[in-house]
Every structure is written in structure tokens, then in C-alpha cells.
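Given below, in the form of C-alpha cells, are the structures.
Paired with chain B in one complex and with chain C in the other, chain A is shared by the two complexes that follow.
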Partner chain A sequence: MGSYIVVRRLATQPKLAHAPKRKWKSVVGLEVHAQITSASKLFSGSGTAFGAPLNTSVTYFDASIPGTLPVLNRKCVESGIKTALALGCRVNEVSMFDRKHYFYADLPNGYQITQQRAALANDGLMTFPVITPGKKVYYKSVNLLQLQLEQDSGKSLHDEQLKRSLVDLNRAGVPLMELVFAPDLETGEEAASLVKELVLILRRLQTCSCKMEEGALRVDANISIHEEGAPLGVRTEVKNIGSVRSISQAISYEINRQLELVAEGGVVTNETRSWDAEHRRTVAMRDKEVLQDYRFMPEPNLPPLHVNLKPGSVSTQELISVAALSKEIPELPEHTRQRLVEHYKLNAETAIILVNEPVLLEHFLSITESLADVPTKVVTNFLINDLLTYCNKLNLDIEDYTTSDNALKDVLKALHAEQINLQAARQLIQLLHTNPTSSVSELIGQHNLQQISELSTIEAYCQQAIANQSKAVQQYQKGKSKALFAIAGEVAKLSAQKANMKIVVECLERLLKK
Partner chain B sequence: MLRISARFYCKIATQSSFKAAEYKNKIKKDKKLNFTQLLHPTKVPQTPVPAAFSDPSENVVEIDTKTIQLLERLSLVDLDSDQALATLKSSIQFADKIAHIDTQNVRPLYTVLEKQQLQLRNDQVTAGDSRAELLRCAKVTDEDYYVSPPGNIPLEQ
Partner chain C sequence: MRRHLQLGIKQLTAGYINGHLSPLSVAEQALQDASSLKTLNAFVCMATDLALQQAKESAQRYADQRSLGSLDGVTIAIKDNFCTSQVPTTCASRMLQDFVPPYDATVCARLREAGAVLLGKTNLDQFAMGAGTVDSIYGPTKNIWSESFAADNWRIAGGSSGGSASAVAAGLCYAAIGSDTGGSTRNPASYCGVVGLKPTYGLCSRHGLIPLVNSMDVPGILTRSVSDCVEVLNAIAGPDALDSTTIRQPYKKLQLPEVEQIDLRSLRIGIPKEYHCDALSTEVLETWTKVADLLECAGASVRQVSLPHTAASIFVYSILNQCEVASNMARYDGIEYGHRAADERSTEQLYAQTRAEGFNQVVKTRILTGNFLLLRKNYDHYFEKALRVRRLIAEDFAKVFEASAANEQVDILLTPTTLSEAPLYKDFAALSNRDQCAVQDFCTQPANMAGIPAVSIPVRLSTAGLPLSLQLMSNSLNEQLLLTVARWIEAQVEFDCLESLQRHVASL
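The block that comes next holds the complex of A and B.
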């Protein structure tokens, strides 16, 4: 078997080498299902709490008992409209509900109530920064084709050994908004950046918790490749992507899989694949190998949903006013970035990093407010280069680094007053993490982190360093100014990283000039 | 064109001044269905609407044997007896009326309730925990789960 593969590879490779170099383009479109934050379900009065005991948040309607009827949850409509407005959509005056039929054990009705012919909103646009490690940040715009309200299905657990599925209907009927984006993306990083921005927006609007680990935000990606100038290729759909990081990995994997498949003379088939996070690959799924006919039909139990589009109108019990809801929309992430650039004179990339980590932004705003004399550059450098880097190194979510603003303020205060140096500040980030109850001044005292600024002590260190680094001293005196760093480094080492480097450099320059 | 009059719809259930007790008495007197069991107001007409259609009863329905066989296969209903055949023919004749209605220049409706506004419910938990009752309806359950045949799972598992 192994030798067969080798032979085949050898046989195809020369052909590839002779083939004219063709440019392949990848096309990615996303469908995002976001659970609308609500107390009760979309069409029934049962709760939506995550992790409720099995099958306890289920009304007769959710279990599809004959004679029950859907009644639409007002808050879900309002949240859908708010989200639509934030994403620049046209909200439709009349939208309708449809039944989408498919047969599955966790869908007791045999159909899902969704919006197909006339959705709540259409034609939005999302513009977001794309962050690719090691590349320049750029902005990308993607059209939002449709935003629709729909029900979630129940949850199936697959029991491999006993060849059966276990069904929990707690999730059946939970409100979702499905956002269908146009295939305007090209890479996994762009897709991940879109989702990241969407999460920021939905969290600001408080219309979705965006907890991917709870299934509150689910992303399906449609991926195809085609030659430049040729029509779009056959697409595959990747489901089951469980984190923002996986989005970029899953899509990059799938693009490469298709490119390799085509390079080997294969053909991409229209199929649903699942992302296997453990082995970092996409896997074909058994179902949906043939195109399904969902037999869409109007939902006869729900008259059309009307909203009031008149400017200046107010909401009534019967009719929701879009104009009234538009006033409730908070500042959106992109606006915050612009404000940071204009008001605090931050550069664009710093603003993007701060806004993308809401905790950092909170720290930044609170620190700059109370420590007005510390330059913003020092604050952002500390938060991004030191705090965020520390968390990334530990693979720790910045939101889980629990410390008070005050502790961070104290560190920055000490740093700014030259009581401690940057090395000590970095050490304090770690100490505050491991000793969350200690105060900064206590930690500085306990761990002897005070910066050494006394001239006499520093001069002694410098004399020692000059003696130790005679080679560097010679180079420096020959005019190689960079050699000073080696001597300064020696001072840092001798002083256990505690010397005030500004004074050290001044002192060294003075001593060596003599 | 579209002619929907307000009187087609259940006035009682949509009125906010609706008083259940008063209505109950009225039902007792009128011997009508008890609509007080509806939890939410409805937009569905609660009384039948009489409509006049032209009666195409002279169009006698004829069905060939092939069609009858097809219908039997599709419906799993035995149409061998004369009575069954007569019922089928009269059903078709009854439904045939609809084909003779003049629909020129009439925009198709998705629903007869198209001009109605959908009723909205406040976001409150009002029901839910009926697990014991609902699980009792299922044939196979295990530790509060419904049990079903295996569903779609990755091919390589």
C-alpha cells in the first residue's frame, strides 16, 4: 500500500512540473448561527438556561405535541432588529416564517421554523480589520445577505458502542439568528477576523453571549477553489467549528485539501465535512451526500411579522418601532477604534488590539482616566507588550487574568515614578497573577523589586561591568557605539535586573569618556 | 382584490377588554366551543365563513384504472369497492370547485392572514418542566434522554 502511494506520487509529479503555473483562488462564505440572549424560547414559554437538567426546559410545543401553536417572543424580534441595524441591514417592514423540513431525531416536528422567502433583514455590510500574524493589518468588507430568525434543534449525543443517539430537547426551540454572509472572503484568517468582529458587536449589543463553547455561536463555512477568471468551483461545507481559532485552522486546512486534491487530478465533491479539532483536519460526514430537498413552505400558524419603519415612531404592544430601537444601539467597535486614534492619539494597530480584547480596553480607559500624567504609549505598551504577552505565553485567556484595575494602576504608577523598572513590572504581572490578594507595594517589598537609582551604587556596578567587559569597552572606545549595550547588559545582570537603566547608560557614557 | 373584513376574525380573543368569566357565561348560553382555553389571542377566524362558488356538479369525474392504481399505491387506501370509488369521485368533484374560481389579477396569498399583524409575547418563562409527562410518550428512554437510532456522525469514526 505504502509503495503504491510512492509510485503514484512519482508518476504525477513530473506532470505537475510541466503544467503551466496556474493561479488558484479560494472563496469562503460564512453562515453564522447566533443564539439570541433571552429568558424564554423563540415560540414557547420554556427557559433557555444553558446546562439545565436534561429535558426540563421543554414545553408541549417544543416536544411537538399536537394542538400546540407558536407565539413569537418579542425580545427576539427586537434583538434581531438591533443586530441588523448595527450591521447596516435594511429591516423589512413585513417578514414571514417558513417551515424547513428535514427528518432528524432531535427535531421533533420534522421541520424547523425559519425565515426563507422574506427574512427580518437583508443587505448589510460588515467592515473589519484582518489580523494575520506577521502581516500588516488591513480592512475587509463583506456583504451580509440575510439576517433571519429561526429555531434551534435539540441536541443529540451519539453512543457509538450501543449504536444509538441520545436526545435532549432543552435546546429545541431556542432562538437563533442566522447571518448569511456573501462569499467575499479568501482565507481562514479573514473568516476568523470577521467572526471576531461579529462577536465584539453582538456582545456590545448584548444580543448574543457568543460563548462558542456553549454552542451560542456556531459557524459553518462554505469553501471552494477556482482558477482565476474561471467560474466558482464546487464547494464543501465545513460544520462543527467550535472556536475562533479553529475557524482559521479549519478553513486553511480545507483550502489546502482541495488544492492538493485538484493537483493530484481529483475532483472536489459537494459534501458536508466536520472539523476534527483534535487531529486538526476536516472529515466527511455520512449524511447529506445528496442535495436535500427541504420542502420549504409558509408556516401556516404564524401570520406575517410587521414592524414600524416610520422615523420617530414608538413601539406599541402590537408593533415594534425600528426607529425607537435604533436609539438603543451602543457605540460599535469600529467607532471605538476611531475614538481611540483621535482622542488618545494611538496608532491604528494599537487601537485594534485594545478593542479586540475588551478587558484590555477597560483597563486602558480606567488607567488613563486616573493616571493622566502617564503617557498613553507607556500604558498601551505595558498592556499589550507585557500583560497580553504574558497571558498568551501561558495560553491564558486575558479575561481569566483576574486582577483589579487598581493593581495595574499601582504597577504603572511605580513604573512611571521610576520606583521600579520594566523588568520588575513584568515580574509583577506574574506575581499579581499568582498572589491575587497581595498589594503591589507589598509585592515590591517582599520580592525586593525596587529599582536602584542611587548614583554611588550604580557607579560601583558600572566599574565592575567595565572591568568584566574589557573587549566591549575597547570596541566602544574605537567608536562602535552599540558595544555600550553589552556593558549595560552586564550591569543589569550584576544588579539582578534592578538598576535604573537610564542612569546606567548615562553613568557608563560618563565613565568611558574619561 | 383582497377583501378581508375585521368581522372574519375572532373579536373576543383579540380584544384587550376581554373578560373570561363573562365569556364563559355566554358560551353556556350559546353552547359554542370554549375558546377561553387559548393562552394567547388568536388571529384565526373562530367562525366559518360562508362562500358562494359556482357548482360544477355537471362535470362528471372519470378516473382511469391506471390512476386508481397509482392512488392506491400512494395512499395505501383500497379503492376496489364501488362505495370507495364513489367517495373518491365526490371528493374530487368537491375540490374541483376551486379550479373554477376566477383568480385573474388577484395576487396570490401565502396565507389568508397576510394582512394581520403577528401577535408578540413578552420574554418570560411561563412553562417548561413537564419532563416526566413528556418522556412517558416516548417508546425508549434512558436516564432522562430520548433514545433514537444513530444519526449523522463523521464517516471515519
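The block that comes next holds the complex of A and C.
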């Protein structure tokens, strides 16, 4: 067993030593729990702020004090409906709440109030771009089977030394939307792309913060493999996936684990596994071996939830109008992508990247609005190839690269005016990051980044470069035009990357013609 | 004999206004009487200090001529499954023996706001699971009409609101709040010879009522007269934002006509034949016939009707009850409140031990059965089927109250409340809890299935000198008619609720 783990740690992907001969298919289904952005809980008036002092956001109902009753939070229903509409669901005219029973210290009632028999909405469809590094982007559609409202549980903390369990009920009763997707996915990348798109949509709707690090969005994956043409295999469930990046890793790992297990003659068992992000592997969870019977029962304290499905209806105190809510739905990411392609003539991939990084999109829209004469291609190249690349290199979330639109505009303005060159612009991205209070013009001055466009200076550099690169000069004069790049490169080096390369090339061509 | 006990609530508060009576002396007297009649075991906890303070405040309000209305200064008792802030609320269980709720149930809050003086909390079967008030950690409640209090030869008070019924019958308070899930208010009212109202489901808030069966529980009212019952209902009824199952339309306070003005000539009374069951005692049957004749003589049309699914009701009730109990009791784990066992080796161990110690056998049996019935493989066969039969039972009532043909429609159903006079404790205790409830709730629990209002009123004494009562039922939200007819019968039969108290005067 020990060596098995070592192999896992060293290899980024498990090796397929004995790859099965027949073709295997992997099937992935996701269940997503999204905390609904709301000032108060699903059935009580207590607050929902993340990180509030322990056990301070707890009403008598949340602590299951006898005799207390749930009162449905209208705002949460509205958020659920908006989300359902944005995901193409059929909102149900009548939905109901159920009790799901299990004993756990952080579940004070001994049951969770959820929607099992008749959910808020069903039968949605999500279509989203799948981005796999090094592969062409493609679109995938996944059925959303059900969207239901339910309560979150509290949190248990186990103090191993004191042998004590402590309970924090702040999260108990926080509103959740559970989204159950059909097993229409095949790979980890598809799953990660689905979640990425879902995050974009929920953030546009402002129905969920989607902060996975705070547990506001939690993803469980059901994974199985089967031979082509055969029925679906036994599935495992992977929980505890803490980031969008982990989704892809965890699922890829689990698919490969199952493939290898089967190749070695093993059998996949129905179990719950946990993603161990540190060691990048899934591990079986010990306490989930017993098959739970949740003894579902209708929640008798909440009457059926009715909504008004009539077109053109308005919401009243008693009844929420779905038609009225549909008017509040903002432009969704896919629509934005189409708009970028049509209006700004961007190519599809560029549009996908911009939309998938809302900060980039914001910069793009703001910059193109105020710098109309800068070609959009220059702007997107700068944002994607330079800014995004810089952040990726530092493993920095683009959202954590804090700078003002104006600073980026100033860089592009200087670039467009040929005051600086692309090298300097890249350098400024880094300088703005490390000196967030300095202005672009200050930084250009301090770091002496002005582009050298003065003809006499450039000519001097060129002369020097021609002298240094005699071999390239010979080749160029023999007709190998590419050799000019080597000489131009020498100029860049001599000028500390500051020479205006357009002028350099013109100058070199002129000098070498003589 | 305390003459003021013969007064109705309105007369009592009129006495406060004109200064002939004082809330404080009435409360002091009541506390003293409760102590003298301790043998009844009506109360599990006296709220002496609170009662005296509330009575003082009430007296001050009368002195300042700013009375809160007809309940100001009226002594009341509340069943110990309603949460009362500052006063322990035990459900007569070890599990909640030390539980002091941090809030008032809506019913309690409304009574407090109306100026009522809370004397204390009354006895019940543990978590209201019973029909006799015999399964309480505080011991059984005795019926004041008992021929003797010796050994096991006394009469049970009925249940599960036996403490409340007993307190009203003994003149310890003017009104008491009970709860009614399958007859828990009407059954003890019947045995103790007082008026017991189960209002329409959703008319009175359940917020703060520790649940037995959420879909059937209603707060009940026990008083010595129908008018007193109306006074209390008017104070507690109406929508409550804290209970989503309350009826949203605003409550219009009931006003009953004077007895002389009640005209029964257009009234249609139904006698459901299925209530004429084997176990019905001759004396109850005679009483039933007698009152039907009375109504007919006064011009009402009395006819036999059929509620064909009545016999299935008790089984449906049993299934739904146990399932909801299994669910509702899941919260008692010793973590947040209530009894906590000493065994903390593991969370599971702590739960198991806490629940083993905190619940009696009746509660445990229902939890176990309910969980079995809710298993995925059993759900459709039991719970789902029970829900379907429950609908049939509700439709039985709808058919007679809302029949399209006028000659088939009735306004009020007249039935027995209990099948007999109050049984002797020794006979009752010999039965299992299941059989106790199956017999005792036969006539009462169909109304809970359908959510309709029902009232039990005492009619006469049996040859053994024990109260015999009848039940009236009406369509939902028709309390006005239900209680008008009850009031008319009350005036005809002239039952003296306090007659039994005469025998105990010596002990006071």
C-alpha cells in the first residue's frame, strides 16, 4: 500500500501500465451546493455573514429549540427561481419541502429541510465552452435534473487532544440551492468548465458569491467507467473538492484510478471518497460505509410553495410571479460572448477568455470605451497575452491583481502613442503590481522606460549591431531576410529593450541596402 | 365556598372594574386552593411569584382604569407543552425536566398581553402521548369527580391535557390551555365535566407548542362555560407570522347571541351512524339521544348521516402520529438543551444514552415504530397510504357539510366525545397505551384528521355521579355556529361544572 501511495505522489497522473484493450468510457455527474446570497437564513431571521463569531448567527429555530417553526425566506425563493430561469429550468407551480433525517451533532433538528418529492425547478440545460489546455475549445450541453432549496448544516470541530467535539451553528440553516446535473460529462475538464460557467452565471445573477474557499459553492462528483456499449459502471462519489482547479484534478485522478483498478482485475465499489488536495488523490471516507436510509417525510410545518406562472403576472405579497422575476435576469455570459464577437469582432476564443475572467472583461469594456482609437486586437492581446500571462506565471488570481482601469488605460495609451514599447508595457504590468500607488507616468520616468524613437540614436545602435552581427549581416545580404531579426534583436539588447523596433527595422533595412 | 368561582370571565372582570373583586385576592385564593387540592396533581409547576406579580400589575391597571380587556386579571393555567419564558416547560418528561424556554409560545404571549394571570403549568402525558394523563414523570392527574382518592380507585382525568381539565373543573382557574392532536383537549374535558374546544387547524398559532403531530396539533381551550371559551378564543386566535400554517385571513372576534335569541329552526344536525360503536356505553348513548331530541324539539332538523371512513381513522392516526413523533423527537439529543447523559465517549454514545434516559417507554416505542414506517421500503405502504386515507376521512366531512343536495347537507354533527364516563385508574392502567388511545380517541380524532373545529360540552351525570359529555363538530372556521349551538345546549342541560367541588369544600 505504501509504495502505491508513493507512485501517486510522484506521478501527476496514475500510469496506465496495463491499459485495457477495449475502449473505456468515463461518466461524470455533478451535484452542486450553492449558498444563496441572502441577509438572513432560509427559515429564520438570523444573519448569514461568513466568519461571524462562533454561534452568534443563531436564532432559537436554528438551535432547534422545541416549539419553534420554520418561516420560508421569500428572498431565497426568488433567488432560486432566478437561477432556475437562467439555467433554462421549468419552475414548478407547486413545490414542497421534506425532512431528511440523520443524526449528526451539527444538524440540530436531527433532520434537514430539503425538497425531495417536488423541487422548486427541474429540467434545465446548461451549454458552456470546455477549455482544455492545448486543445481546441468546444461547447458541451448538460441537463440540469433538479434545482432544490434546502438548509445548510452547522459545523463540527473535533479537538483530538481534548477528545471533544465542538459545534458552531452559524451555518445551520443558511440557504442552499442544490443543483443536480445529469451524468452527461466525460472528463474532469468538462466538469471544471461546467462549474466555471455556473460560477459566472450565479455571480451575474448575484444569487451566490461562489467563494469556494468559504464553502459558498461545493461540488460533489459522481464518477464511473464502463466499456463502450455496456451499461454504466458502479460509481464513486468524490466530495470535498475545494476549488475549480481541483475539480478537474480530482475527477481525472478518480477516472484513472478506476481504470487502473479495473485493469488490475479489481472492482469499483460504491463508496464516498474525499479529495486530498495536498497529495492530489482521492481517499475512501471511513464513516460513510453504512447505507443511510434518510426516512424522508413531508415537512408538515411549511405549506406547499405556490408560484404564479402566468405570463405578464406581477408579484404580490402572497404569490411570487415567475414572469416578473424573469425580467430581472441580467445578460448571461454566453450572450456576452456573442455580443463581443458581433460588436467588437473578436474571435470566439478571445471572447470566451474575456468572459471567463470577469475582471478582464471589465477592463476590456472600459478601455475600449475610452480609447476608441486603440485597435481592440491590441487591447485583447495586452489583457490576455500580457496581463493574464503575468498573473498565471505568479499563480495569482486575476481578481487579486489590483489596479485601476485608468492605470491600464495609461499603459495602453502610452503604448499606442509609441511612447513605450511592448517590452516596457509588460514591465509596467509588474511595476504597477508591486507599486500600486504610483502612476504610470511616474513609473515610466523612474524606470526610464520611454521608447527610443530618435532617428540618430537608433541609427547609432543599428551601426553597432551591424558591426556585432557580421554573420547575420552576410546571411541577410545573401537573401535570407529572416536574419534581420537577429540584428534587430541585437539593437534591442544594446538599447536595453527600449528602441522603437518599427523604426529599427526601417533603419536596418535602409542601412543594409547601401 | 368561593362565590366568585361561580362567575363567568366577563362577570369576573366586571367585578374588577367595579371594585368588588381584586385580581390579587383572586390569584392569592387560587394559589392557596391549588395547594389544598394538590392531591389532584393538576399542576406540575406553580408560577407563584409570576402570578402574584401579574395579578398586582393587573390590579394596578384596574386602579388606573386602563384594563387590557375581558381577560385582564383572569387566572389561567397552561399545559406544560407550551413554551413559557421564565417558567420551566417539561412536557412531563425527564428529557425536558430542566428546560426553561427563552421565549413565549404565541398563545402564551397573547394571553400575557391580554392581562391573564398565569398560575402555573399543568400535567400531561409525556410529550402529550396518551389519553389519560397517567404517563407523566410527575405522576398521574386525578379527576375531581372521583368517588374516592384511595389507592388506585380514583377516576382518571383523561388526557393528555388532564392537568388543564382538572384545574378548570376544580375551580383552580377560569380557563386553561390544552393541546389537541387526537382529542387531548376534548377527552379530559369530557371526563372532567368542562367545556373543551379544539379550534379549526390553523386558527390558533402552534408557535411554541412543543409538537406531537404538527399536521394535527392545535391549541385547545378548557373552560367552565361556552362564553368563557369564546373570551379565550378571541384572545388567542388569528394569523401568526411565526407559524406558516396559520390561516392568513384576519380573525374576526366571535360574538355569541344571547341564549334566548338562538333560533335553531333552520339548523341541520347530523348524527353520524359510524359513531354508534360497540364500546359505546348505554349512558352515553342515552345522553346522545336525549340531546338530539332536545334539538329536534327546538325546531332543528336532526338526521342520520354517514362518515364511512371513521373506523379507518384510528389506524391512520396511529401511523401518522408515530411517523411525526419519530421525526419531531429527533432533536432531543442532549446537545443544545434538555437532558444530557454522562456518557461522552462518542457522539453516538451520548445520543443513545441521553435518549434512553430522557424518554419513557411510550415515546420510545412510537419513535421506533415511526422510524420503521418511514423506511424507504415501507413509506408508500404505510405513510403514503395513510395520507390517502386521511384525505378520504376529510372528504367524508366535506360531503356532509358541503353536500350539493340541501337535504343531505348538515351544519353541525352531534356525537359522543368519549365512549363512557371517566374510567377508574386501575382499569385504565391495565390497558396498553395503544389500546388506551384507540378506545379513548375513537370519536375525537377524525376531527383532527380533517382539521375541523369540535367542542365537547358536559351534559349530565352518570349514575356513578360522573360527567357525561357530547361533542359537536362543524365545518372549518365555523366556530361561530359551533359555539352558538353549544351554548344553547349548555343552557338547556344546566350542568354544574363545580358541583364536584362542593364535596371537597372541607379540604379547602
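Criterion: the second predicted complex is superposed on the first by the 489 of 514 C-alpha atoms of A that agree within 3 Å, B and C clash if a C-alpha of one lies under 4 Å from a C-alpha of the other, contacts with A are read in each partner's own complex, and residues count from 1 in each chain.
To be clear about the criterion, a residue touches a chain if its C-beta (ideal position, glycine included) is under 8 Å from a C-beta of that chain, and two chains touch if they have at least 3 such contacts.
Only a predicted model underlies this, so the values are computations on that prediction, with no experimental measurement involved.
*Asks:* Superposed on chain A, are chain B and chain C clashing or fitting side by side?
*Replies:* In the superposition, chain B runs into chain C.
*Asks:* Scan A:23 for contacts with chain B and chain C and give back first, second, both or neither.
*Replies:* So A:23 meets neither chain B nor chain C here.
*Asks:* For A:293, select first, second, both or neither according to whether it touches chain B, chain C, the two together, or no partner.
*Replies:* Only chain C; A:293 stays clear of chain B.
*Asks:* In the superposed model, which partner reaches more residues of chain A, chain B or chain C?
*Replies:* B
*Asks:* Taking the superposition as given, does A:482 touch the first partner, chain B, the second, chain C, both, or neither?
*Replies:* neither
*Asks:* Regarding the shared-chain residue A:60, is it in contact with chain B (first), chain C (second), both, or neither?
*Replies:* The answer is both, since A:60 touches chain B and chain C.
*Asks:* Examine A:135 and indicate which partner it touches, taking first as chain B and second as chain C; both and neither are also allowed.
*Replies:* In the superposed model, A:135 contacts neither chain B nor chain C.
*Asks:* May I ask you to decide whether A:105 touches chain B, chain C, both, or neither, giving the answer as first, second, both or neither?
*Replies:* both
*Asks:* Touching A:167, do we find chain B (first), chain C (second), both, or neither?
*Replies:* both
*Asks:* Kindly point out the stretch of chain C, out of 60-68, 186-194, 240-248 or 258-266, that overlaps with chain B after superposition on chain A.
*Replies:* Looking at 60-68, 186-194, 240-248 or 258-266, the stretch of chain C that collides with chain B is 240-248.
*Asks:* Residue by residue on chain A, keep only those touching chain B in one complex and chain C in the other, then list them.
*Replies:* The answer is residues 60, 63, 65, 69, 71-72, 104-105, 165, 167, 300, 302-303, 318 of chain A.
*Asks:* Which positions of chain C touch chain A when the two form their complex?
*Replies:* Those residues of chain C that touch chain A are 82-83, 89, 91, 96, 99, 101-103, 105, 206-211, 213-215, 241-245, 248, 323-324, 326-327, 329-331, 333, 335-337, 347-348, 351, 371, 374-376, 379, 383.
*Asks:* Given the complex with chain B, which residues does chain A contribute to the contact?
*Replies:* Listed in rising order, the residues are 38-40, 44-47, 53-60, 63, 65, 69, 71-77, 96, 104-106, 117, 156-160, 163-169, 274, 276, 283-288, 298, 300, 302-306, 317-320.
*Asks:* Quick one: which bits of chain B touch chain A in the complex? Just the residue numbers, please.
*Replies:* Going through chain B, the ones touching chain A are 39-40, 43, 110-111, 113-114, 116-131, 134-135, 137, 142-157.
*Asks:* In their complex, what parts of chain A are in touch with chain C?
*Replies:* Going by the criterion above, the answer is residues 60, 63-72, 99, 101, 103-105, 108-111, 165, 167, 293, 295-297, 300-303, 318.
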